[in-house]
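As written, the chains take the letters A, B and C, and residue 1 is the first residue of each chain.
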Amino acid sequence: MQLRELAEKLGCRLVGDGETEVHRLAPLHEASEGDLVFIARTTDLPKLKTSKASAAIIREGSPPCPRPTLLANDPYLTFVQALRLLYTSDQPTPGVHPSCVIQEGVRLEEDVAIGPLSVVEAGVTIGRRSVVGAQVYIGKDSRIGADCRLYPQVMIREGVEIGDRVIIHSGTVIGSDGFGYVRGEQGIRIKIPQVGRVILEDDIEIGANVTIDRATIGVTRIKRGTKIDNLVQIAHNVVVGADTVIAALSGISGSAKIGDRVTLAGQVGIVDHIEIGDDATVGAQAGVAKSLPPESVVLGSPAVPHLTFKRRVAAASRLPQILNTLKRIEARLVSLESASGTEGQQSQTAQSISERGAH
Amino acid sequence: MQLRELAEKLGCRLVGDGETEVHRLAPLHEASEGDLVFIARTTDLPKLKTSKASAAIIREGSPPCPRPTLLANDPYLTFVQALRLLYTSDQPTPGVHPSCVIQEGVRLEEDVAIGPLSVVEAGVTIGRRSVVGAQVYIGKDSRIGADCRLYPQVMIREGVEIGDRVIIHSGTVIGSDGFGYVRGEQGIRIKIPQVGRVILEDDIEIGANVTIDRATIGVTRIKRGTKIDNLVQIAHNVVVGADTVIAALSGISGSAKIGDRVTLAGQVGIVDHIEIGDDATVGAQAGVAKSLPPESVVLGSPAVPHLTFKRRVAAASRLPQILNTLKRIEARLVSLESASGTEGQQSQTAQSISERGAH
Amino acid sequence: MQLRELAEKLGCRLVGDGETEVHRLAPLHEASEGDLVFIARTTDLPKLKTSKASAAIIREGSPPCPRPTLLANDPYLTFVQALRLLYTSDQPTPGVHPSCVIQEGVRLEEDVAIGPLSVVEAGVTIGRRSVVGAQVYIGKDSRIGADCRLYPQVMIREGVEIGDRVIIHSGTVIGSDGFGYVRGEQGIRIKIPQVGRVILEDDIEIGANVTIDRATIGVTRIKRGTKIDNLVQIAHNVVVGADTVIAALSGISGSAKIGDRVTLAGQVGIVDHIEIGDDATVGAQAGVAKSLPPESVVLGSPAVPHLTFKRRVAAASRLPQILNTLKRIEARLVSLESASGTEGQQSQTAQSISERGAH
């Protein structure tokens, strides 16, 4: 595509040769001829001189640039739009591969594509233009909306409801049994049948090898627009709000309720039955054991407000010095006491503290 | 089902109209007509008035309830039994789907069901009434007991032994190679062949996307009755005792030995070659680096007894105040020293501590 | 195999009856007749007396042993070599199972084996002697090198490049979309198309249920010789160096760069865009938020040098004692002040600290 054409489609100002041909977007350090690069920081502009990139997207108002340039007010958003223009995604031809096993009473709306060796059980509905990859399993009576994409080897159990424009990556399991038992005699655990459902609303994306358990009774629900990274665990009866983001390796325990526009960073743990308020942010590796009000920002395990956490980390770093200070203070007390003739109380000294262990 | 019939089958006392029809169990906040609800806490009883539920299970001895009621001594257990009565699980018709690939020398006992597109390698035995879902893989010479359920896309490698009444959820991998290498020249790692096995005893349930590695030599073993949640890692040569519970995203390193009736909460890590005693409880996100005696209750990373942990967390929360107290003490010492004519020792002040960083 | 033959092949010194037949390697506590055991520690030698093992591998220079013995300078390496001799791995017959779906333009080099019900998309190349298990998916234009092994149910997306002698375990997903969005109006997230690739260099092993995301643009790269355990997350545009080891349940965030010969223990988290220097070691459950120089050894969340971490843990264990010491110091100050007639400043006492909580 010519840079001039791209500029028009993106609504950017063009500086330099509009005839320049660009074929690909590339990171600055990997760019070769025909590549369009995206410069996030002005300090990276000089690197463009030694790059083989043919053109660059930079922020309107940046210093002049040694390549033909697209100037954008929001260069990151322009970069994403350029990606969409240059990479037309690989939409497969509609139709069901003959190797699939499609059971009775399946309803496929127009232009659905299903890849090889997938299994669709009885009573399933799949909406218009949805693409189901190879080796996918869709359980009885589940419903998939329109314009969805299920990548190869996704597993959807029975009775799951999925909205429109939902993307699910490979290896992800939706609707597995929740982890619930009652203690019988002699500590033996009796399985609680997990007869509830999972509902994924519209515009959700779920990463690879995620697990979302069905409710015991009722519904495990993910609300619209929420994005979930790889290897995340969502337990039974959890409700995740709208436009929330959950990073990799996080786990949300049973019946927890996560608000709208919440951010859970990586490896976060949320205990069962608590509530995380709207717009809260939970830092990486935090462990949240109590409900959080809206707009909380927490860190640590157990999680505390992030300023408290930072103060504690800073104070903890001074602990060895505190021990030293205590020793010096005690020495000064002894001097004062002997000078004044006051008898020092029999006390455990800081010295003895630093020689004894914990517990 | 009529409430009267349910009361008889569950051995509960019925209060109110025995003709009431119930079709479904539902959570209190979602219940509609025809639903039976389960009231865990007396404080939830008033909510029943505004609920559309047709009937309720409550604890014997609770205040009167505005709906036809089943009174139970253990209402939670009764709820589970009611689930079993109202939801007859979807037992598939026995038989092997014609799309499966079943190799030579496979022995299927009576009433086994195998779903579409599964692969069963040579020498496998599957016990009576076991249900193998679609797209499952069972490796050479593995043995599955009776009344097992393997959900779609489970992967069992060769030589794995599985007892009776074992449930394995989708995406789980049993018998993958352990993570073992020897360091050769120049730091290059040479793979140690992993030629051991995995044994899962009776009455085990394993969640979705779990990984259980085969032993290097010998056996990785999970003992009877143990329940494992989603996304858990069990390394080579681990032994997990009976009736133990392991929550999501926990990892047990090589050759660790977990006792009977142990509870590992979510995201717990256990280092290699240690032993966790019977009836121990390890709190969420704890990291256990040393063997634990029976009945230990630990928290934290590194894990310590839970009371120690709580004391430390409480003390840590007072650290900034400790710094302030030290400053005030030093000021008082200076006053005393100047009053008594004693020369204060050259000392690092608390002030200087709070201004300097860590390390 | 006779012990004499094994000794010759392994280059070990034989002590005792060379006619002894050994069939299997076994752990000491499980050994039966015909088993060769490996004694790692001299203290385990007495256990051999009560073992049914037929022979043992022990370190050259150890005390005499009550069984026919192979003496080795590096007994662990010898054990690994013995494993390779006694367990010839199960190399399947070359050929493509007729149940597979192989699209057009696929190039299979000589002696490739592909198990049942796998899908190989258009434009894929698979190198000589590589073994692809059952139910594997290989996306369009991906290239697999020679002598690779993909276990059943591996999922490789389009455009992935895999070197020679790479092993990938079941359930692992290579080339799923990175987790990247731009914030549009009203907090709605717009997906950034993930059009980059994944390159796995030679001699890599990747565990079960791992996820490695493709780059946004450019490459997510794992360099030669690196070994990755189960359930690990590698985000988009990450670069992992050569001969690095990553233990289970660790997560590496987007664009992070991990050096050569690095060790990440279990459940480690690495934030995005940072750099971990060559030969660094990150302890279990550590959370690394800042770049680390080469040869760092860190622990904790946030991670600090391991000696600092140990000092802090030790100091934290003394916190309750520090509170007691402060109380005693204050009592002594009061005595001194009343003796000298100095008025104690109005101050928050240690007592009050220990009675008040934090936040």
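A few remarks follow.
Simple rule for what comes next: a residue touches a chain if its C-beta (ideal position, glycine included) is under 8 Å from a C-beta of that chain, and two chains touch if they have at least 3 such contacts.
Computed from a prediction, not measured in an experiment: that's the story for all the values here.
Without chain B, contacts among the remaining chains keep them together as one piece. Interface residue usage between chain A and chain C, two copies of one sequence, is largely distinct: under half of the residue numbers at the contact are used by both copies. Chain geometry summary: the mean Cα position of chain A and that of chain C are 23 Å apart. Shown for chain B are the residues that touch two or more other chains, namely 117, 135, 153, 171, 209, 231, 249, 267, 285, 301, 304, 308, 316-317, 319, 322, 326, 329, 333, 336, 340, 358-359. Per the touch definition, chain C reaches chain A in the complex via residues 101, 117, 119, 135, 137, 139-140, 153, 155, 157-158, 171-173, 176-177, 179, 181-182, 184, 187-193, 195, 209-211, 213, 217-219, 231, 233, 235, 237, 249, 251, 253, 267, 269, 271, 285, 287, 289, 301-302, 304, 308, 311-312, 314-319, 321-322, 324-326, 328-329, 331-333, 335-336, 339-340, 358-359. On the chain B side of its complex with chain A, the touching residues are 24-27, 30, 76-77, 80, 83-84, 87, 89-90, 97, 99, 115-117, 133-135, 151-153, 167, 169-171, 205, 207-209, 225, 227, 229-231, 243, 245, 247-249, 261, 266-267, 284-285, 301, 304-305, 308, 313, 316-317, 319-320, 322-323, 326, 329-330, 333, 336-337, 340-342, 344-345, 347-350, 353-354, 356-359.
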